[in-house]
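The structure that follows is given in the form of structure tokens.
Order of writing sets the labels: A, B and C. Residues in every chain begin at 1.
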């Protein structure tokens, strides 16, 4: 496992490098002069050249890239064109909102999805099992921002229980206050994400319930509960854990959108502002950090998956055919 | 009927839609004797095995009577059935790759029924005792290097080794009756013979009763002198296999025997005395 | 899955299962068909022209305006109908781009030499990790806000997912013996692809694309909501929801109808996907 871990780490680093290269290239391909953001209308040619020099866009691309990588490695994400503030700390202050939002939503979604998915599978022939499954179908078809809008309408404007948006100025100084602001956003995201995860839990549980090994265990005298506990949980966890990494990444994205609905000062709003203002350092920084987070989550998810499923060990990629051959089709 | 005996009387398995998958099956196995259940796929033979241990899939109901030792299986509460399964009766299934938990080593899967039996006997096993027992049981089924097998996952060993391990697991609780549901069908022909011999020997040594289910006449002929022939859920004929082979009474049996005879192997192997 | 269970299911209620399968397909078709019908009708008849702001602000449903009007006095029904066009275009366009590109890339990597294949699939994994929405935002930041940018972006992101699926499926088929047999009897690779690979993989790929359709529609709606989609007057439903955000109580139709229509379209496609999945592989248990 140790060697494997090392290989995955190397792979992660390479992925980060490749991702930043792709990012870099994409941003440089954007039409429009990055220096424009620094200038006002009607700038003279000398002013344009000076601006380009100031931000370093007159250097050859290769050199720009190397500089950027160098900056990344020293955690220097540059300075915003528009605000003049350094990008790094700005992102950090945004993460303080987005990361808790994502994590709490995700945990809540999983907590809801596991029992619901289980019941939907176990009682797939009863009306409430079918109803749960239908509700989860609905949950994944609904736009997350719409849920947010409706919830605001119900809880904030009509019943006035929870704030309609915004986040305390002093961040988490008063945790309860901050949590109040996050309540509706978390519920919004959790509704959609739990629907998605429920479907995977249901599917995995159905597979286990009809499996041969469960039948073997029972034929040897194990009770249903005992057999599910010893064999069912781990086997059901395998396919579910394999998608949890992706679901967490999707939750993160959902958070980005939902921040707009609830006016939260997180990574999402910073991204949107950067796009509209063509603020390249900000844009670069946010996208890089986002990708970084997603890749790390993927790495952890992959690791957990291999811990649970011995069939995946010994192959570099979880998609390798050799691993699949160990599983009955 | 004492331990190891099985009496099936009028066993009928119906689906929710009312369709009958098995109709009015009756047979008896004396303690220590053997019976073959022959039929094509869809004849209801595998369902019979599941009905005997009370593990029919959801949606199917059994009616009639299945008496195992002193227990009536049909309609019995789950708790009672849990005590019967593994202890009084055990099943070896057709496909060991799916019948074994892919995420657990063979040893761990073998320990489960071993412990259960030990606790029921009032003598719980210590870890050392359990490890020794696992080694012993794997050696009993003629698995070379039992310790390696104990630490291996099902997909890491060959098909023949898997089925032997599955056999060891089924026998872990020292059941008096063994039901073998197509135990060699999924194996290579060369391996089939060895596994059949093993089965034959173990059942003999322990004085167990055997219900052997198969579609393959030649295979059944090697282990069971008496058979019941199933056609689409109905027992069409029963009796000594020797008699059925030479003088099949029912048309279906005739067809069955005829198609089996076309395989030279059936003739080569002969019939047990 | 246990063969006993499969046999049982075949025996227990074959009629009921077929009925359940066809309910899924019928329900899905109705939902999608409804939206398609709205879009088609919109090409021939729109209650009002898009620039007409004569309706009076935020009026509720009336005979003159079946769905009421928005903040600027424009007819909502007209906008909803145009939104149907956009949603379908977003879904369809993305799926076409993603599907074609994905199949080509997937086939390509499956046939590539080991080293190239490993590198490409690693890149694919990275691209898939790169969140679709962010990718789309990047492209839009580059090309400006338009429906085409959104479609291209979503389609590109989708192609990575489809490519990975096609790659795995193709490799599985290539490992089969009948491929070797076919090649030995002289079939050229093109023939193998056409005769063996494509017919084998297309059911699964089709189901996947149907599911991606719904995701693409939702992605476009999110982009529009954030202001990164097609600008009015060709407003998508996402945009409508953005505009109606403040007026949920005073003019509920504007804040509810676009959402409901989105849900109908996406659920419809998901149901179709489930129904198609069961058709493609009737031995599988229905999972919807």
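In the analysis below, contacts are C-beta pairs under 8 Å (C-beta built on N, C-alpha and C of every residue); 3 or more make two chains touch, one makes a residue touch a chain.
Note that the structure is predicted; figures quoted are calculated from it, not measured.
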item: By number of C-beta contact pairs, the top two chains; value: A-C
item: Centroid comparison with chain A (C-alpha atoms), farthest chain; value: B
item: Centre distance in Å when chain A and chain B are each reduced to the mean of their C-alpha atoms; value: 50
item: Rounded Å distance, chain A centre to chain C centre (Cα mean); value: 21
item: Touching two or more other chains - residue numbers and ranges from chain A; value: 210-212, 215
item: Set of chain B residues in contact with two or more other chains; value: 57, 59, 95, 98
item: Residues of chain C engaged with two or more neighbouring chains; value: 2, 4-5
item: Parts of chain B lying in touch with chain A, wherever the complex brings them together; value: 53, 55, 57-59, 78-79, 82-87, 90-91, 93, 95, 97-104, 112-113, 116, 153, 155, 166, 169-170, 172-173
item: Interface residues, chain A side, partner chain C - complex; value: 11, 14-15, 18-19, 22, 26-27, 29-31, 133, 137-138, 140-146, 149-150, 152-153, 157-158, 202-203, 206-207, 210-212, 215, 249-250, 252-253, 256-257, 260-261, 271-272, 275-276, 278, 283, 287, 290-291, 294-295, 298, 317, 319, 321, 324
item: List of chain A residues in touch with chain B within their complex; value: 125, 210-213, 215-224, 230-231, 234-235, 238, 308-311, 326-328
item: Footprint of chain A on chain C - complex, ascending; value: 1-2, 4-5, 121-123, 125-126, 129-134, 137-138, 140-143, 164, 168, 171-172, 175, 214, 218, 221-222, 225-228, 238, 241, 245, 248-249, 255-256, 259, 262-263, 266-267, 270-271, 285, 287-288
